[in-house]
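Labels run A, B, C and D following the written order; every chain starts at residue 1.
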Amino acid sequence: MRVGVLTGGGDCPGLNAVIRAAVRKGVQEYGYTFTGFRDGWRGPLEGQVVPLDIPAVRGILPRGGTILGSSRTNPLTAVDGVRRIKENLAKYEVDALIAIGGEDTLGVAARLSDEYGVPCVGVPKTIDNDLSATDYTFGFDTAVNIATEAIDRLHTTAESHMRVLVVEVMGRHAGWIALHSGLAGGANAILIPEQRFDVAEVCGWVESRFKVRYAPIVVVAEGAMPKDGQMVLKDGSLDSFGHVRLSGVGEWLAKEIERRTGQEARTTVLGHVQRGGTPSAFDRWLATRFGLHAIEAVRDQAYGAMVALRGTDVVRVPLAEATAKLKTVDPRLYAEAGVFFG
Amino acid sequence: MRVGVLTGGGDCPGLNAVIRAAVRKGVQEYGYTFTGFRDGWRGPLEGQVVPLDIPAVRGILPRGGTILGSSRTNPLTAVDGVRRIKENLAKYEVDALIAIGGEDTLGVAARLSDEYGVPCVGVPKTIDNDLSATDYTFGFDTAVNIATEAIDRLHTTAESHMRVLVVEVMGRHAGWIALHSGLAGGANAILIPEQRFDVAEVCGWVESRFKVRYAPIVVVAEGAMPKDGQMVLKDGSLDSFGHVRLSGVGEWLAKEIERRTGQEARTTVLGHVQRGGTPSAFDRWLATRFGLHAIEAVRDQAYGAMVALRGTDVVRVPLAEATAKLKTVDPRLYAEAGVFFG
Amino acid sequence: MRVGVLTGGGDCPGLNAVIRAAVRKGVQEYGYTFTGFRDGWRGPLEGQVVPLDIPAVRGILPRGGTILGSSRTNPLTAVDGVRRIKENLAKYEVDALIAIGGEDTLGVAARLSDEYGVPCVGVPKTIDNDLSATDYTFGFDTAVNIATEAIDRLHTTAESHMRVLVVEVMGRHAGWIALHSGLAGGANAILIPEQRFDVAEVCGWVESRFKVRYAPIVVVAEGAMPKDGQMVLKDGSLDSFGHVRLSGVGEWLAKEIERRTGQEARTTVLGHVQRGGTPSAFDRWLATRFGLHAIEAVRDQAYGAMVALRGTDVVRVPLAEATAKLKTVDPRLYAEAGVFFG
Amino acid sequence: MRVGVLTGGGDCPGLNAVIRAAVRKGVQEYGYTFTGFRDGWRGPLEGQVVPLDIPAVRGILPRGGTILGSSRTNPLTAVDGVRRIKENLAKYEVDALIAIGGEDTLGVAARLSDEYGVPCVGVPKTIDNDLSATDYTFGFDTAVNIATEAIDRLHTTAESHMRVLVVEVMGRHAGWIALHSGLAGGANAILIPEQRFDVAEVCGWVESRFKVRYAPIVVVAEGAMPKDGQMVLKDGSLDSFGHVRLSGVGEWLAKEIERRTGQEARTTVLGHVQRGGTPSAFDRWLATRFGLHAIEAVRDQAYGAMVALRGTDVVRVPLAEATAKLKTVDPRLYAEAGVFFG
């Protein structure tokens, strides 16, 4: 049995841990051999491979990034994409494919598996934690830790200067990083994409915080939007992933707070530091378990399945179902956090 | 409504986060007032209180330890313990009690609530993660992160000197910290209290690691024991919690590995650094949610209940049930890790 | 003897460590009493004081910020500023003043001491490390560590996507943070205010990095400027410190690199996280020693002096001299780093 | 010109940074080629080499350990040692040797250079910072940061349980790590090898700390000894470096404090975590500069010299002088710290 592995989409701490676990278990317990495909779906599409054996995965557990490279290539929109993938899998004698990625990468895996009979197993990966079929995705905990540390640091500079600090964190469509890091960092307001915010209300929280002689921290997800439609996007261009750039809400909000409250406000955009570097212990553990269970799924020929975390168990769910719906923040969960606002 | 709060047992990052969340929600949403009892059950037993209001909980979220102090006092074994507690609750006009602690502290809360009608709500706390009714307890993730960082550091010194490094982590009766940090840190052997280890097998893993020119890291829980009964405890004395001191397995094992394999071996005992200091983001989030839900339980007069994490939900379980059984590592989960040994 | 203490200017990890050390030594060894002045020179100007004794400084060593607050108030430009300060010092019976701050705060101390006979001792503080009389200022090492950690994380996301990452760090007039964190983080280009950069040369380094299949990290100080004068400032407004905002070079550079090389480029602006939070061990040690030696200077009535680090010794230098000249990066030191560019 | 490089002695964060900087500068600026010798002096003695070029040093800057391996081999005590080294240098056409190491490794380099005409340049390395010719050695700052973080964590567990915590840090013959981390961590007593401590005095500090309702942290260097000669060494065996094991003072002291004061006391021995893992920014910067200047010394044929830090300059000193005397803690510096005891 020869197993192909690819990683697609944005960077996410834990990718290497999945690869390592899958290779260790596949080789040692079942005698499988492995082929690494380079740069996401571009690898099987264009036949770009790298050797993948036990020496290749030594020492990669604590490293961020992915030794296989990544891309946003979508083979289903490429000319003859499916045929070329099948030919390359045949050429390299790959019997099953483990695709590690987010909504897009796994959506391709779902269709290749269900519609075209390509034997795929999926491993969910999104820093944003917005895949509905799993309690958590790896990378999320690392991002939340980094954001929380930054908020810890910003508290003291806010206090020293009695200044509002707006922290923009990742989360285009879901506010999980904002919610978790905002709660963990003791933010005085948390703004998420799921619920349009009222600038006047945010300014109210800011002012009530100053009244007790403390300086407020506002955590805002990059995809959060004000209610009143006043926000002018800094930049309407498309990013490399084909999404409209929504960055800019943090800076916009700081200026709006200054204008309305007269309090000095500053913005920090955490950006890519949230998705690079060594994974947290939780993410290494989760990614490792996902890698082990992906190999079990291959052994069981459970193609079309994705591994997922439910409580403390790793289970299998249909790929198609897993990628159908975005997991957004439950309004009740968000309401729970409201007690800390202001 | 006046709510008493106490923290009992060993130190655990996140205790202050629970206290803060409970006070913030209780005061702001329900208009409750609070009384802090000092040093675990000693507080209500001896009537030692501290003021507990919103200013008192400002800034404590990121701090380790507990602003209320802690102890191992068991009021059920004290003369007239139950009566004195009832008298002190009456004296301070406390209507409900939130007890934050581990097996012992919550066991007292269960009996006070169920047998003596003292209105208690429990919040589970154990660094060891060995309470059966909840997926995780706060403090555990922090401990695992600290242990994993230490293992990361020890890898390089092991490699530079081609030396075995034995890392002894917390876990008297359950191997959760060893299992998670060992997996996350890329250990070459993980030894847990749930399963007696075979020194010869451990030495085999050590030797197979040297064969590929890498130096092995062995993670051992403080409560792990060898199969062959050869281990001589360094110290049979009782610690402050009344348990026999089992420390010493790490040092014993390093000497045994040296003796059997001829390879140089060293031990690092992580000790108390695992349980102090600022909580990880996950632990702050979990502790905060436990605090919020404990207040909800008080509002619902759900006395005799403990809050618990199930998947991503915080639920209520009977205190009595929650403290009845130790949550040990499932043998299948431990077997899963075996692929990385050697 | 009663000693006044004030902290002025921007936030900087280590301020509290200075205050604590001065108070501990002053009270315990010489029986001094202390008065804290609030918010920099505004404190003595407006007579705003806070109690400052041993209980007040307990536990503040590891905390960022300053328990005394800070401001950019310049009493020399205030109506009757010097007279009001003298009156307030007399009113609170303050015999000597320890002023902890940067160029502006210490410049005031120098003039008050030399021209108006106000007994001042200075402690240098600047995150930018650009005070000429001392080898290092506290806060700098913390900032460099934070920036280096961020660069470490950004390397992996740069590699995974084969993308240029531009990291903008602090340093309006001096490139010390950029130089140190760029060297420590393994940057492929470091751009500092002391030397205008050639965008074409930077693009050359970027391209040579891609040629060996690695992705480049460019570290740029916020005050760095291109040679060709093409840069359009994002924002010509004044910040709270009266300086023109020079932020924006990072974003400008990333766009310029994209335009010229065709490679995708992203910017991360580290911002205020560099100056908040707990100080590094070096900064706690340096700040503590500065506090101890400031008290020695007070005891010796060495008014008009500033404490400074020379090698491993803390010495005294005239305040006037210390604030006369900005310490910029030596061109030879910058040239030394050039071997790592590209 | 072909340059040999070797690393000897104990592990120390920053070794790889020296190697990388030397190779980058040597290859790129002077066109040198390099030969890596394995495992300290064993490499040139036994002719064990590894390739050392620019690809070999990619990515090693942030990694602890040494890609060249290390040992305590002393070629001067080996049969025909000098002749064999000369033969191997000739065989591999090595024109100059950069020896990175501590007192022992550099002592060999000094004699080889001065007495036998082997062209050596030295780079000082000791985690203990006890080499007299340089202000700092790399690795020290990392160790102090790790110890300080541990002390930060231990404070909270000490406070929660009102318990004495004794922290044993590295430092057999010099107390630099204890002094710096003790000051930075806010220890209530710091005990160093340079000055025998009085257990009664330590107990006095412990008790005075409890009187203000705080729990004391005692930092003790592994080589510190009590005045009264009561201490019984746990273990008289020799370690791999030929020194008598002095570990055990921490545990002994905790028991002695318990016995004399009646307060509960615990020990944490930080051990090898202090010398592994990624270097701090300061250590990466210092090690990088040492590497660059070592190549300059080779270019200038300044054999018999060692690079050293003086203030912010890297200078050259004679190897023989540099290794002649241990740099211990100045009694006045230690006295300065005394204000924080108790």
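What we mean here is this: contacts are C-beta pairs under 8 Å (C-beta built on N, C-alpha and C of every residue); 3 or more make two chains touch, one makes a residue touch a chain.
The structure presented is a predicted model; accordingly, all values stated were derived computationally and were not measured.
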| item | value |
| --- | --- |
| Set of chains whose contacts include both subunit C and subunit A | none |
| Most widely separated chain from subunit B, with each centre as the mean of CA atoms | C |
| Mean-CA-position distance for subunit C and subunit B (Å) | 41 |
| Approximate Å spacing (C-alpha centroids) for the pair subunit C, subunit D | 30 |
| Chain centre separation in whole Å, for subunit D relative to subunit B (CA means) | 35 |
| Residues of subunit B engaged with two or more neighbouring chains | 152 |
| Chains grouped in pairs wherever the two touch, ordered by label | A-B, A-C, B-D, C-D |
| Residues of subunit D touching subunit B in the complex | 10-11, 13, 15, 63-66, 69-70, 146, 149-150, 152-162, 165, 240, 264, 266-269, 271-273, 275-277 |
| Residues of subunit D touching subunit C in the complex | 21, 24-25, 28-29, 58, 61-62, 135-136, 141, 144-145, 147-148, 152, 180-181, 183-186, 214, 278, 280-282, 284-285, 288-289, 292, 310-312, 336, 339-340 |
